[in-house]
Each structure stands twice: as structure tokens, then as C-alpha cells.
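Notes follow the structure.
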Amino acid sequence: MDQAEAAEKIVTALKKKKGKSKFYFNDLCKILGEKPRPAKKFISKMVIDEILEYWSSGSTTLYSLKGVGKQAAAEHED
Amino acid sequence: MAFVSSGYNPDKPMANRITDIGPRKFDEFYPPVIAKNKGKWLYHEILEPGILVHVAESGDEVYTIRTGGCRLMSVSHIREICEIADKHCDGHLRFTTRNNIEFMVDSKEKVEPLKQDLLSRKQAGGCYKFPIGGSGAGITNIVHTQGWIHCHTPATDASGTVKATMDVLFDDFTNMRLPAKLKVSMACCLNMCGAVHCSDIAILGYHRKPPMLDHEYMNKMCEIPLAIAACPTYAIKPAKVTLEDGTEVKSVSVNEPRCMFCGNCYTMCPAMPLADDVGDGIVLMAGGKVSNRISAPKFSKVVVAFIPNEMPRWPTMTDAIQRMVEAYAADANKYERLGEWAERIGWERFFEKCELEFTHHLIDDFRDPAYFTWRQTTNFKF
Amino acid sequence: MAKHETPLLDQLETGPWPSFVTDMKREAESRAKNERNIEYQIPQDCCDDLLGVLELSFKHGRTHWKHGGIVGVFGYGGGVIGRYCDQPEMFPGVAHFHTMRVSQPAGKFYTTKYLEDICDLWERRGSGLTNMHGSTGDIIFLGTTTPQLEEVFWELGHNLNQDLGGSGSNLRTPSDCVGAARCEWACYDTQAICHDLTVEYQDELHRPAFPYKFKFKFDGCPNCCVASIARSDLAFVGTWRDDIKIDQEAVKAYVGGELPPNGGAHAGRDWGPFDIQKEVIDLCPTGCMRYEDGKLEINTPECYRCMHCICVMPRALRIGNDLGCSIFAGAKAPILDGAQMGSLIVPFIKVEEPYDEIKETVIEPIWDWWMEEGKNRERLGELMKRQGFQKLLEVTGFKPDPRMIQEPRTNPYIFWKEDEVEGGFDRDINEFRKHHQR
Amino acid sequence: MAKHETPLLDQLETGPWPSFVTDMKREAESRAKNERNIEYQIPQDCCDDLLGVLELSFKHGRTHWKHGGIVGVFGYGGGVIGRYCDQPEMFPGVAHFHTMRVSQPAGKFYTTKYLEDICDLWERRGSGLTNMHGSTGDIIFLGTTTPQLEEVFWELGHNLNQDLGGSGSNLRTPSDCVGAARCEWACYDTQAICHDLTVEYQDELHRPAFPYKFKFKFDGCPNCCVASIARSDLAFVGTWRDDIKIDQEAVKAYVGGELPPNGGAHAGRDWGPFDIQKEVIDLCPTGCMRYEDGKLEINTPECYRCMHCICVMPRALRIGNDLGCSIFAGAKAPILDGAQMGSLIVPFIKVEEPYDEIKETVIEPIWDWWMEEGKNRERLGELMKRQGFQKLLEVTGFKPDPRMIQEPRTNPYIFWKEDEVEGGFDRDINEFRKHHQR
Amino acid sequence: MAFVSSGYNPDKPMANRITDIGPRKFDEFYPPVIAKNKGKWLYHEILEPGILVHVAESGDEVYTIRTGGCRLMSVSHIREICEIADKHCDGHLRFTTRNNIEFMVDSKEKVEPLKQDLLSRKQAGGCYKFPIGGSGAGITNIVHTQGWIHCHTPATDASGTVKATMDVLFDDFTNMRLPAKLKVSMACCLNMCGAVHCSDIAILGYHRKPPMLDHEYMNKMCEIPLAIAACPTYAIKPAKVTLEDGTEVKSVSVNEPRCMFCGNCYTMCPAMPLADDVGDGIVLMAGGKVSNRISAPKFSKVVVAFIPNEMPRWPTMTDAIQRMVEAYAADANKYERLGEWAERIGWERFFEKCELEFTHHLIDDFRDPAYFTWRQTTNFKF
């Protein structure tokens, strides 16, 4: 799998989910069908490529497609 | 207020970016006497409360003056610390694991002037800026958390309860009359940011009401699946709710008897606030420790189930704490930590001696290991 | 004149202990005056407004903060805690008020130069309020606005050679006791390994790929001055395997009352003359000490290295020479299944640069396991409980050792695996029925 | 000639300990000879066949018994354990081989007359093999056929004035230590209450209306010679509240070596001269004893009444005068959640005929609760774990007492009930929003 | 073999029926000296192993000779006991809570003849019929269960393992050289009928293979829902199975890794036998106690995970038991029970001193409380 393929897989999968925009690292690994360490390389790159972004509760970090989800509005950051 | 750029270009976040460099390397910051004698210390002595000397194989000595730190510290205050360190300590200092400030000097003569300087500095209301103490068989600084200063789930304030408590325990900060060290910690909700779960005395903020449900905004402000998943006791279920105006909205319901008032839902979902003026307050715990000295580390036990928030000085809470400290001081053996004392005399005596009421709330009923806290022997005291 | 009345907070300005209220007011005033002519990048009255919010909380008995999901700076999954005031109109100065966690130097020694630089930066781009330090160990910058996050990060990196610390599902900023730097009991160099691992695992610290937070803490000896055993997923506690070194002359000096017991720690009360039998020998948890004919003996194999005797007579007793650490896994705060202390997984290991054995045989196999098997928001300690201690032995390859347990199991429920049992589980019922009718 | 060859069992006929094999063979032989001309009501060679089955099990390493659902005699839900051999053709004598549990007399004292009657009955109508006694305490009649169950029961009742014991989801046959009958340490009359409750609760013993089995055991003092605290749903352990009675002259006699410590229990080895300090004072778990100037003192309020000092010096120390018992609930064997010891639910209660307080405030409320709330096959101890100790306090009305716990909870997870919290749980979100914006 | 009716009429089971009369009343059976002095005993002394005297306020004495009992006892043997009791004890005797037989006489002169009589009686193979002992700081009778004599779920034999063990421990039955009492118990499956879970040394039968599934007969012999409900670990699920001949039958499947080999399914369903020649064997546990003397009652711990069944004398098992007894005898303090000793020296030392191997099986991994058995302190011995 190359980076583009990985990105494609994740983006397609995440777009399909309704009512939910934030995902755990594990969920992304499952989408990629990869173990955590190789998956991390793709995922971190997707953050740099501004396809994904982090969301954190402080204690826990989640991933979402950039700009997607309700939180930004709630936080008046939009 | 004009925006001054650091050099960062938001359009090209990666340009010229420095990442993953970590913290500064510790040895840049060592005072010379430390750098020279590191790993070669022979012994130490506490000369007076808060003033220690460490003697190295080389014969070198380092004198440490430990002063109480507020932890919540303004840059003005830090600059004042720096000023002192520059004046007395060649521009070096350190912070302890309990947020005290340690000023170190490399000879005995330098101790007295430093001490006088520190003690002479007072705040406007008469509080010490740099009280000296926190060593040996006394009470040191309270490690604590954010409270109402910054966190979204606290059930009480952190800095406020700590100030109130340290004022009351101050004599034991500057003295070493206790049987052993007595560590007080504070955490403002049951996430327990810190080592509150194994402190001699722990102040814990606790909610007692399940979250309110802002149905109208639930699905607007929160991702409902995240709120549901956040609940450690699976008390939250999705629900359809009809608002007063007749519209039906997606929301959640909470199985209230299952709620442990942890606030995890509020972290994920601002439409589920749980703070409450009379619901929230303080749980006191006691008898924990961390060191392995003589006995293994121990968890703190809940000894007062609830004390209301009494701003600004929480007198009921500080009274209870003082009673524990005094009962311990009067009754424990030398070297015996509070929890070791309680176990030796038996918790039935602890409650008597500390004049604390024993209520059903203090009996463990949380999951299977609760069983291990019940009494399975005739060995108890009437 | 203060911006908000704070009658309740004002009552915390008396008493001996330093008043954080007075200090916040000092900063509020300093910002109001702005004697240094600083171009404040966040509201000048943020400290005033923070006092106002806090006063309101004291009045209401409730927090006025909401959570935020801001994680911080680009490419990092942590280091910032987002925070919004729920009364932004009343307190615009702190409407957005995020904290930044700055990775502290191991051992928390500082030069005034460094601290002043930090102050300058934070006064300009933040509230000028800090926590020195947070409970995990970071320097906490208390309150700034979203646009300033990248700016602060840029300046930290470019001007102060300083990175952010951890938050979120990351490795958290490791921390350590003062150890060898100023303590005679350090069994290894806590600062050296703390710094090395922090730098080695920067990626784990900044880019979340863990199921939840993960903490390292380093204590130089079993006194555990950084409380590692109580609050880190991996705790490294110094220890030794050989004899406690005894200076018999110094022992006599303690017995003779020439040296203060416990380094003078009990000087605040008259406990009577030092009684080595009562205060040391009888309190030794293993009973492995004897004091006879003016000579102290320790039966090393029976010693727990609990530190008591050494603490009481620091000039007479010293830690051994064969130094290293014990490693404990799984400590955590109580949510949800109750708090856990760290459980012993490595009784003894040498702590020597470049720490390869520790990294390769302990940390990394454990992370691999946890990253694969850990559920979302499941700490290592919870995974250990869920999958069993045995599983940890499997993934690390450590030999089972009675030191790892306090006592053997009381239940006999051993879930034998098929390959452990002669003949496996498959049996022929008809063969059995030849000897056992239905 | 034995019916079956038993080469393996034969090897258990040597060695000093009584051989059950020899004894079974003796019975087999006695039945074969039938010198008393008994009209055996079950196969005469059942003991032979039992030896045969057992030999086969020794050969196979497997049991040859199947379970049976026979519950026993008409109208009773217990007292019989059904058993079938899985090789009935090879061993017809034990093809059906049920046990009957016969309620033993409290204290297990017997007259030979009674035992002989028992023997006569069981020789005729059963295998002539017994267990004296079963683990719960019953006399076990080991093996008979289905038709004999009613016959044996009839004869027991009509000729021996004797009933069956418990099995199934019943109260099980209560049992007790020898206590006051022959022991100086009994704090109450174990036999009297054991018998009284057994008789009082015959209906509970014979007609299953419980979720599972339920056991009472009675120990006269904390030595627990009938192991009540480990294996009964309600354990009654004798204790006292006042001073241990001290005979100072006798203490001196022990110290002087005139009396053997611990009633001579350690006579098999030379432990050196008796040292009251080391053997009593220092071992007292509470440290509440002093021996000075030839006088022994006990600080009663601090005493655990653990029995140690009394055991060591039975002629000098005696239990107090204010006698009664502590009650422990919930002991059980390990399936499924691990074994439980009984947990203290009543620190002190008087044990006085007719035991109304015990019956009405302890036993019956607990049964009511358990019968209503207990799941199928849930022991009392498991219900206590599932619903919490608090629930037990609610149903019994006992006041919470720190004596009931070893230590207070370490987790702060107090599930406050709505009526315990001022204002209850219902709050007005709009009221709240006045002070806290979204 | 003619049927002889007792008087019971199966057609009218309630006619003339006597029920709920309970056991015989204890005081019918008391020897006179007991009846007279009950509740008035002053003290006791163990005159020699197995021989006790109790002295009453009245000055009366009762001498008790305790003899080993097999528990599995024929009526012939009981009649012999009666004969002895008639001869020496005025027709009275008692059994102890550990299945020993106690012969009581009311004066010292009667002791010696009784003793000689008891010891003179031997079985054909030379075994004592009435060994005297089991008192004081020694080893008394092993409480045990049915085993292959009568139960359907045993993983080993009871009487056989007990005979093998008592032969090996016999000297400690007749002696009192140990630091304290040492109680051995035996249970043949993990139902643990007895106090095996808190004995100084416990022998436990344990299966290690899940039940076989007799699919063809499953639905004929068993009520499948009952079998499913019987399983404490929920390992059993209903399943449709195709037999070799092609017919599809209702049966069950077992999730093998979840099976704890308890045999509860077999109790409810004879089509699920689990006994196995190599799968079954012995678990040894140690360190439990029941009395509250000095320390609280304790559970036994698993110290040997598995020993194969070695009929007829289980030498590997008895060797391991003997090693524990000898190590304890050599090393423990006076009055210290085996479990107290193990805790004092530490379990790491226990395994060394008893020459037992420590394997991963001995580490608790059963449910949450397992955590409490792991080591959470640096306080251990290398």
C-alpha cells in the first residue's frame, strides 16, 4: 500500500460514517488493515498533508477529516 | 493589540518548522557544585526545617533552602525567584516534585543571608512569598490540580482549598514534629490528576449529581456516539426527546443510579454539564503512601464521604484535616506513616481518635474487590 | 482598581501560606501598568478576567470552563488543552484560554536565564500565569488564545530550543526525582535516562498512536520521590543487589547520639535518645538486621532494600554497588476499575546508556502489545488486568518469577491451554464410551 | 476370595495409617459370610463391586460414576445424592448407589447404642459403608438403591427418632465445635443453638425454597474448630467484650517453667525455656499486653481477642464474662468468583435461648432478602458482593460500624442516591444556562 | 434377597409419616462427666500426642484419646469402635470436626489400658486401626471428600490420596514437633467440598480438559438449556451438529479457552463427561488457615499447578507435600502457621526452601482481583 492508497481508503471509509466524525487511532488501523506501527506512518503523513486533523479531549486524541464535525462550531473556533 | 508574528507562516506550516527537539538537556542547568559532584554524594542532613546540606565525597557541600511554592505562579513571581537566585545562587535553582522551590548555595555562609532574604519577602496581605520548610517529618506542599482556575470538570477549587489548608497546616510546614512525613494532595475531580490516590491525606472534589441534559442542543453541540462511549459505566443511552415546542430531537438519556458522577460525558459533550452548587463538594481520603519504606505503598481510603463547598476557606474540611493531623501526631510511633498508624490501631480506632463519623458510604460497594475490604476475621476492637 | 470585585477571593490574601490570589492580582496589575511596554498578544486584562471568573466560581460553587478539542500545533496530537469560558461576554479576556504544556528539563533544575526567557515569551503571548509545574511534570503555560499557539511553539523551538510536552493519547512528558544530581541514594542516573527516553520517543510523545496516555517516571530509589510507582504506566525504581555498605564507626556515632537520626528529620520533637534496636532493628520489615556487641549486621539476601535503615542512619549505611532498577507496569488513577499501583515486571535490570536492553526488551514489546490489543482508552494496567499477567510475560519473554507476585493465586482456576496438556483437548467420545457407558 | 482383583488398591493396605481398602474388604467379607444372617436389601456383594469400580478408576485415572437426579424421600427436597455406575454390567452390586445424609447430633457425641442401631439399619438396607462424617457434618450412608430410600427413612424416623440432613437448595445440616461440652474457651453453648436452629428450621432444611444451599456453623471461640468462618453462609463465632481473666500466680508458673506452654502442644521438640516476652507479648497482634515486675497486664479495649495468649497459657488466662458471638456472613467455596470467608455483619450479639434476636433480626431478614433477590445458584456471599454490603445493612437494619470493615473503601465511587443529595437530581438546565452559556 | 418392608407404604407415602424431627438431641449422648461439667471446664493439657485432659471447676477430669479415623468406615469398623467404647468408656464416644474418633474416660487410670487396647488393634496389612495422635503442634487427620468412591466429577481419588499422604506424614500425626498445627485437606474437584480453600496444605483434584461432547446423545440424555445454564463461564452454546451418518442433531459447542474444567456441565448433562487419564491430576495449595489466632484466616495459595495422578500412591505429590512440611518444620518460628511463615519469609523464599518450581500458572490471572496478588512494591528479596 502506498500513501495515496492509504489516504484514499481512510477518506472513503470516514466519509461513509454518518453522525460520527471522530475516530480513534485503532479505527484507522482497522480501516487500513495494518498493524499500528506501519499505520502510524500513513496517518501522520495525512495530518501533515492536511487531510486529517487531530481532536483531543486533553486525555484522549481522536482523528477526523479536516474541518468535519460539530466541535468547531461549539467551540466558536469556526 | 497588534499581532506580532514569531515568524510562523500559517499558510506554510511546515516551512522552517522545528519539531521533536524535546526539552532542554538537564545538565545545561546544573549549578556547578551539582555538576561536579553528581553521583558522588555521601550523605545529607536537615539543618533546620527546609534547610538541607548534602555532602559529597569531594568534601563539597550543597545547602538547599526549600521554600513553599504556589505552583500557580505569575511571571512576576518567577522573575522575583530569578532575582533571588541571581543574587544568592549564581543564577541557579530547581523545583521539587511537589512544586516547592529549592535555592541552592555551595557554602554555609551563604545560607543565612539567603534565608533572611527569603523570609523578608511578604505579599501585600502579609502572606509569606517564600516560606521555608517542607522537609523531614513535617508537612510539605500540597500537590494539586487546576480546579476552577482552568478545568471543566472540577467539583471544587484546587488553589483555594490548598491555600485554606496550607494556612491551617502551616506550623507543620515549618516544623518537623510529626512521627513521619505527611503528604497532603488535592485533586478536583475523580480523574485524580496527581497521586491523590496514595497520599497520607487527600482532598478530592466530588460531584454527586448526574449531568443535566441540554436536549435542545445535544445533537447540535455534541457527537452523541462520542458522549455515549465516554461513559465508563455505560449509563448513557441514545434517546429521542420531544421538546416543549413539540419538535422531536435526538438526544441521550442517563440511567441515573448507574452514574458515578465522573464528568467524562461533559468532557466529550458540553450539553451535559454536571457542576452543582450543593451537589459538589469534597471527599477526604487518608492513609495512602508511595514510598516503600518499611511497608509497601498504599492507597488512600475514603474517610469522609462528603463535605460541602464552603468558599472561600472550607472550614469544615480544614477542621477535619486538622483533627486527623493532630490525632496522628499525638498517637503514632516515630517513623510511622499515617496509614501505617491507622492499620496498627485499626480503622475502628482511627475514626474514634480523629472524631470522624463512620457512615455507610465508607464501606466499599464498588465491584468485586469491595469484598476484600470487609472484615473477615474476629480480630477487631470493641 | 481591580476590574472585578473579588470579595471572596480577597479573603484568601491573608494567612501565612503564599496567596495565589495576591500573585494573580500582582500580575493583573503588572499587565495593567505594562511598565515594560509589552505588545501583549492576548487581552491585557486576562488576569483580571481570570480573577473575575474564579470569583464567580467561588460564588456559584461551580466551574465556568468548557472543554475544547484544540490539540495544539500543527502536526502534533497533544501539548495543548483547549479551554473556553462559559461567560465570554462577562470575561472576554479569558473567553479562549488554552494551556500549553512545555516539556520540563529532567530534574527540574533551571538557570534564571532560561526562566526569564520563558517569562518574557509567556508574558507577551499568554496570560503571564503558569503552573510550575503540572502534576505530570510539565511547565504549564496557563491560558492563551488559539492564534497564539503556533506563535508560542515557534518561539519556543526557534528561540528557546524547547519543545512542547504531552497530552492526549500519547507518551506523556516523562519525569524523575532529583536523584544522583543531589541525592546520595540514587541507584542510577534518573536525569540521564529520563532525558534520553524523552528524546528517543519524541514521535510517540507528539503523534498519538496509542490507545490512551502513557507515562514514564524515574525514581532513583525505593523512597519514590516522584511517586513513579503510583502514577506511571512504566515506573523505574532504583535498587541494588549486593550488600548495604556499613560504616560501623558511624553506626556507633548514631548509637552514641553524636549523629542525629534520619538526618535530623525528626528534630521538631524530643523523641528521646536514639534507640537502634527499637528504631531500626525492630522496624526492619524482614528482621534481617542484628546489632550485637557494637556491630551492625545485615543478612543481605533477606533484605528488602526498603531504605528504612539507610534513611535513619544516612552516614552509616549506604546503598550497594551492584546498581540498577526494578520496573513496575500499569499504575494509574482510579477511573474506572479503581486505582492501580505499578506491578513488578522486571525485578532487576541494569540502567546503562544507551539503555538498549530497557528499550528493546521492555518498553517496545510492551508498547507493541498494548497498541495492538489495547482497547480505546484502556491504560496498560487495565490491559494487564484484562489479558492477564501471563500475557505480558509472553510478549516480553520474561521468565515468570515469584518476585513478580505478592502471593500465588488463591483460586485454582488455571486456564490450561490445549498445547500444555498431554494429548490436547480432542478426545474420542466413542473410545471413552468403551469404558464408560452412557 | 475377592470378587475382583485389586492389585492397585492392595498397595494401599500397608503403611501405618488405617487403610480404607482393608476396611472395605473387611465389610465385603463380612457380607459374603453373613454370619448374622441378615436379609440384605441391596446386593450382598456391593462392597466387592465398589472395590472393583474403585480399582478400575485407579487403573483408568477416571471416575466411573454418573450423576443422578434422585432427590430422596417423598416430600423432602434433599438428603439423598443419586449415583449410578457407568459400568453397571461389570459391577451390578453398585449399579445404583445413592448416598443418604443423616443429620448428625450437635457436637457429634454418640452412645454405642445409637451407633449400633445405625449400623444394623445400614448393614441391612445399604452398603454397610459410611462416612463418619461428611464434610458438612452429616453421617453419610454410602450407597443404596432407590427402593431402599424410603425404607431407610421410615426406619430412621420410626425406630431411631432420627431425620435426614440437607442437600440441594436447602438449609444444610448445621454443625458445631465441641464447645462448652469439653472446651474451656466456649463463649456460648454451640450445641444448644446448633440443635435449636436445626429443629426450628426443619422446613428450610427439607423443602427447597432457597436460591441455593445455605449453611450455619457454630464455633465457640475464634479458634474456629469447625471452620465456620471459612465455610458457612452464616458463621457464629464466640467472643466476649470484657477483660480476659488473669490468674497472676499461674502466669508466674508459666514463666517459671512449671506449666507447659500451650497446654503441652509443643512438647515434641525442645523449643528452649518458655519466654513470655517473645512467645506472648511480642506475638500479640495488637501489642496490648505488658509483662512487668512479674505482672501481666492486658489493655482490654485494644485486645483483638485473637486467643493467642489464652492458648499459650490456658491455666493463667481465661475468656471474659460478658459472652456472646460475632456473626459472619457469606463464606463459600471458590466457584465461581473465588472463595469467600465470612464477612463480619454483627460484631457482638448475645446467644441466649430462645435466640429470638438472632432469628428475628439476623437470620430471617437475611433469608428474606436472599430469597427475593438471590439469583438461581447464587450464594449469600455472592449476593452481598453483587448488591453491596450496604444492602445487607438496609435489610437487617444494622448500624454501619467500622468493625464491619478491614479498611474503608479506596475508590471514591460513592453512588449517591437521589434522596441523599440536597435538591435531588432534577435540575433546570435553563436556570443553569443563565449562568453558564452554551 | 427378599424385600423386607420397614412399614412404609409406597401407595400412601403420607400415612403415619414422621418428618421434620431433626437430629437426635446432643445431650442424650453426653458421657456423664461431660453432662455434669459442661460449660465449667477450667483448662486442658495435652499429656502426650493425642491424649488430652480437661479439668473442670468441680475438679473432675476428662481424658480424651484421639485416634485417626478413616472416615470411610464400614459398619464392622464402627462396631469395633463401639466395642472399645463399651469396654473403656461406658458406651460413649465422639467424632471430631476432622473425622477423628475421641474416646473419653473420666480418670487417669483408665487411660493406659485404653491406649494399649487401641494401639494393639491392627489391620491385616499391618496398618493401625486406631493410631493415637492428631493433637497440638502436629498434623491431624485430612478432611476429604468422595473421590472415585462416589462422586461423578472428581479429578482424582480422595481416600487414596489421603491414605498415601497420611502414611508419609504419619510421624507428625503421632508427634508434636511442628511450629504450630498443620492442617491438610483434600477435595477431589474444584467444588472443594471442605475447607481446602483455607488449609495449611491442600490437595485438590483438577481437570485440565474441557468436556467431551457426546453429540449423538446430547439431546437425548440432557436438557440442553440446563447444561448451558450450568456453565459458570458461559462457555457452552447451543449448536447444531451433523453426525457421521449425516443426521443433524441438536447439541452444544464449548468455547474451549473459556472452559475452567469445573465439571458443572457434567453434573447437569451426562453427555458431557470430562474425566481424563492424563488430563486430570492434582493441584497443591498451601498457606491457608482458619483460626483467628494472631493473624486473620487466610486462603490457601496454589503452589504446584499440576501433578499427574500416579496411582496408587501419588509419590510426586507426597514428595512435594513432605518437602513443604520439612521446610516449614525447619524454618518457621514457634506458633507460626505455614502461611504466616511463607508471608514472613516471602513467597519467593517459600518456593526456594520447599524446592518447588515457580511457573506462570501460579500467577493469578482470574478476573480483576488477580491484580491484588501481583507485587506492587520494591519490597522483595533477590
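For clarity, chains are labelled A, B, C, D and E in written order, and residue numbers in each chain start from 1.
In this section, a contact is a pair of C-beta atoms (placed from the backbone, for glycine too) under 8 Å apart; a residue touches a chain by one contact, two chains touch by 3 or more.
On a predicted model such as this, the values are computed, not experimentally measured, just so you know.
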Mutual neighbours - chains that touch chain D and chain E alike: B, C
Pair of chains joined by more contacts [C-beta pairs], B-D or A-B: B-D
Centre distance in Å when chain C and chain E are each reduced to the mean of their C-alpha atoms: 49
Inter-chain centre distance, chain A versus chain D - centres from mean C-alpha coordinates, in Å: 61
For chain A paired with chain C, centre-to-centre distance based on mean C-alpha positions, whole Å: 30
For chain D, residues contacting two or more additional chains: 60, 62, 64, 222, 229, 237, 285, 304, 306, 334, 337-339, 341, 410-413, 436, 438
In chain A, residues with contacts to at least two other chains: 48, 57-59, 71, 74
Junction residues of chain B - those touching two or more other chains: 14, 190-191, 197, 221, 267-268, 270, 275-276, 278, 292, 295, 297, 299, 366-369, 372, 376-379
Pairwise chain contacts under the document criterion: A-B, A-C, B-C, B-D, B-E, C-D, C-E, D-E
List of chain C residues in touch with chain D within their complex: 56, 60, 62, 64, 86-89, 334, 338-339, 410-413, 435-438
Interface residues, chain B side, partner chain E - complex: 292, 295-297, 367-369, 372, 376-379
Complex interface listing, chain E residues touching chain C: 190, 197, 204, 206, 208-210, 212-215, 217, 221, 256-261, 270-271, 273, 275-276, 278-279, 283, 285, 287, 299-303, 305-306, 342-348, 350-351, 358-366, 368, 370-382
In the complex with chain A, residue positions of chain C that touch it: 67-72, 75-78, 80-82, 84, 88, 146, 167-170, 207-213, 368, 371-372, 375-377
Chain A residues within the chain B interface of the complex: 19-22, 48, 57-59, 62, 69-71, 73-74
